[in-house]
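Shared between the two complexes below is chain A, which pairs with chain B and chain C, respectively.
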Partner chain A sequence: MAEINYTPIAPGDATTAASLNTPFQAGVAGVNALEPYALRPGALRADHLPSVANILGTTVVGEDFLAHGNYTKQWDSLAPNNDLTDWDIVADSTGKQLSLTWTPFRLGMDVAVHRYAAILVLVNVHYLSSTENVIPTQGISDAVISVQFRQPGAGATWWTLNRATRLCSQRAHRPTLPDPVNERTYQDIPIRALITKDDLVQFGGGGTHAIDGVRVVVAGNDIINAPPVPLVMLREGRLTVLRIRSGGLPT
Partner chain B sequence: MATITIPNFVAGQTTDADTVASDFYDAANATGSFEVINGNLDLTNLPTGDLTREMIQPGALTGAGGTSGTANLDYFRSLFESPPTTAVGEETIGPDQDAVDDNKGRYLAIPGASKSFYLPYVADAIFTWTIMWGNDANSPTGFSGTLLRLFVDGVPVNEQVRTVATTHFTEAPMTTHAAFMLQRGRYWSGHHAVTGLTPGHHSVSIRIFGAAGTQGGPKQSRVWARSMRYFYFMQPPE
Partner chain C sequence: MSWKFPKHRPRSSEVLSSEDMNENFLAPFDELSGELNEHNFLDGFASAQGTRLHTDAGLTTTTTWTLGNPTLPAAVGSNVPLDFTDQWAPVLSGPGLALPLEVTFTSVGGTLWILASFQALLTMPGGMGYNFALELDGSVLYESLFGGGDLGNDLLLSATPYTSNGPAVEGKYIPVVLEAQVVVPPGNHTVKVVARTLRQLTGQPQVGLSHRELTVIQLLR
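Our next item is the complex of A and B:
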């Protein structure tokens, strides 16, 4: 019943419980059972609906620009690459990690159990260099940067989101000098990734669809030589997570 | 849960203005008041069918916009007013952080990387940008004495800053930074998140500032501003 028929209370009326309750309950019934046809195009505004998205958190490491992190793990493109088997967590000289964790919530569009449809992850990493202490170092080493997320219902494993993995070329232009300060590349590497219930199902967390953390990881990669593993240097890193609600959206 | 439940009045009950007023509007009585209409409607109020985007006023919950440019933007030393003499180390920004407030009026907003926008409500906002640059300073160490920095509503964001390195380099047989080194060109694809921006007019910009320093000064910085984008999401008022 979308139409609300309200009988006004006029001066001089002899009020009773029923005469008071009738107009109130008519309004209650109308609001509790809106019909789709009652909502004209554009009828709902910011005054009527809750927010559809908000920033869950943002964190920065290395913001003082005075120190950089050194990483020496060797990336393996054929391995599962979960947890820290082949990765280091991006962190600064104080030990602060580029990571966000939160009270678990479920992803999906089933309004009975889910609160959020997805999370949007934004990452920027200031990449200095990846070099080996061997000569020459002509562009054969990369830094590999990726995003991991944690599912509390799947062994609390940090799973690597493979489509968020970025390989960053060394690009040093004076290859006879291993990591000379003046030759560093100072590239800003952006990663943007939407994580949905499908990602959780893929990694065995389909039962709960819960997620409680995201972090940024890094490794070195030498596309030609055997070890030594490239030394990767990063400076500022920035991670922001935006959560997108469900329930107010089409199911 | 946005379903309203308002208790019935009972015969013989003494009428109470506060109770009646609460039935009409009481933000603290979340489901016992018509206050639900003020931003707490959800699918429980729509037993059949879905809330579709057609029902929602365009721009009512989110908004976005941006700007970009394709021109070569050249900034010469003479553009910057009374640059300080603070020495800034090669590619090191830390020592200059304390000078930000003193220098902020000297920064120039870069066309194609600067945008003003209007928020009709309290919102969380995210900015993303892409900008590239080069420089021809005679710097023996690479730093040109020029900075790029993010400003939100005219206020510098301390940690959102990048140096402009000289793009020329000394490479035999040439001398005095005569070789143009394409690889030294920098780019910055950044993002910045702000929560609880107030309704009204706002601005976001990448600005440039040429500090004299001790590195030969910024003879010329060439900037390619490729984009500055913003998108925002309505938040319920406090």
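Our next item is the complex of A and C:
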């Protein structure tokens, strides 16, 4: 809200150009000093904003529905924060990765260079199975899927969005009759996450609040057995990223 | 802020009244100290100069999330246990418990896109599994039901050690997403994630949620 101090014109005051202009100047100064929150929530609509959300991109791996992966990283719940120490990038047999990158932009709308309030990440990965020494592990292994985002202002590091980490238990149909070919979990692993400026700040790259990529990573987790790490097999994976605009367009 | 027009329009050769002039100035100045709305901006103004707008000026998003720990039991740390009831119950509110998966917000009315994404911990041998759904202002949104035997999401043929004897989902670790789009009138609204088991059991302390996130996007266009 603007704070405009208007000095009333008193009876008997001499009316001059200056005395008439002064109130207008106060009004001009007040309008120019409008704070971002001067607009009430939801004030801007279709007439003002050409698009309130747009798709940054969507990508699919494993469209052939062939099993891919053999991911071998062991999920480490204690240190899953960055890069690929404990993760593999979800990718199909052609090498295509479940990843989107773009020209960096900043999250948040509180300074002039910020353009978008958040990005909405939608992930679905088809979990096929986990195996140890080829034989299905019949419910004691998990696939672990998570979302990583990249901050160009923080050494181009990929950071794991910990709250988006999802474990899915391997479940064999016939546990007493292992069948490496036919025993499959066949389950969708869905993730939805809204990434805001606050998420960037917590990883130390908050100075610019810039983001330029999102990818999906995978690891294995064995809740009973010691290594060898279970091999996670996936099929189709989909990643879509929407920009949520609360304000104007990039210039 | 509403539209404002001068209350007094001076005419040629008219003697200016200081009181009239003050009223002309004060009305719009007072309004500027309130909250501006769509009537105060030209069509497309933000297309040319998209700067310095507050987060909720366009699309309004309301979100809450909690970082749990899927390696811990359901009632430990920031994880939340589920009620063992065959009636829909929120996840979870009460003294001493972690933050519930719930948001309350004010809407100008319109379409909401509600998304909940969480890690379920459903070690419940011999049970019937769990259903999850979104609840808006006390009404369960059945279009968001998870665990209703939808073959797109739910595996019905699992066996030991994580047995499910019914259509609901069960397993040591189950990733869940609930989504719905609904139209709401203006006012305050509350969205919750609710859960129920298909058969009430006792003594099953390992059922709950760890990582969890709930987002409501008001689609104002």
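The working rule: the second predicted complex is superposed on the first by the 187 of 251 C-alpha atoms of A that agree within 3 Å, B and C clash if a C-alpha of one lies under 4 Å from a C-alpha of the other, contacts with A are read in each partner's own complex, and residues count from 1 in each chain.
The rule we apply is simple: a residue touches a chain if its C-beta (ideal position, glycine included) is under 8 Å from a C-beta of that chain, and two chains touch if they have at least 3 such contacts.
Since the model is a prediction, treat every value here as computed from it, not as a measurement.
Look at A:R163: by the touch rule set out above, it reaches chain C but stays clear of chain B.
By the touch criterion defined above, A:G27 reaches both chain B and chain C. By the touch criterion defined above, A:I145 reaches chain C but does not reach chain B. Of the two partner chains, chain B and chain C are each touched by A:D188. When the two structures are aligned on the shared chain, A:P8 is found in touch with chain C, with no touch to chain B.
By the touch criterion defined above, A:A17 lies against chain B but remains apart from chain C after alignment on the C-alpha atoms of chain A. Between chain B and chain C, the partner in contact with more residues of chain A is C. Residue overlap on chain A between the chain B contacts of one complex and the chain C contacts of the other covers 27, 31, 34-36, 39-50, 52-53, 111, 171-173, 185-190, 247-251. Across the complex, chain B meets chain A through its residues 3-6, 8-13, 23, 34, 36-58, 60-62, 90-94, 97, 120-121, 124, 126, 128, 141-142, 158-159, 161-163, 165, 169, 181, 183-184, 186-191, 193, 195, 233-236.
Taken in their complex, chain A has these residues touching chain B: 16-17, 20-21, 24-25, 27-28, 31-36, 39-55, 58, 60, 63-66, 111, 122, 124, 171-173, 181-182, 184-190, 236, 238, 240, 242, 247-251. By the touch criterion given at the top, residues 16, 18-19, 21-22, 25-26, 28-29, 32-38, 41, 43-61, 63, 65-67, 69-71, 106-108, 115-117, 119, 152-153, 155, 157-162, 171-177, 179, 211-213, 215, 217-221 of chain C touch chain A in their complex. Listed in rising order, the residues of chain A touching chain C in the complex are 1-4, 6, 8-11, 13, 15, 23, 26-27, 30-31, 34-50, 52-53, 77, 108-112, 115, 117-118, 120, 139-140, 142, 145, 162-169, 171-175, 185-194, 196, 223, 244-251.
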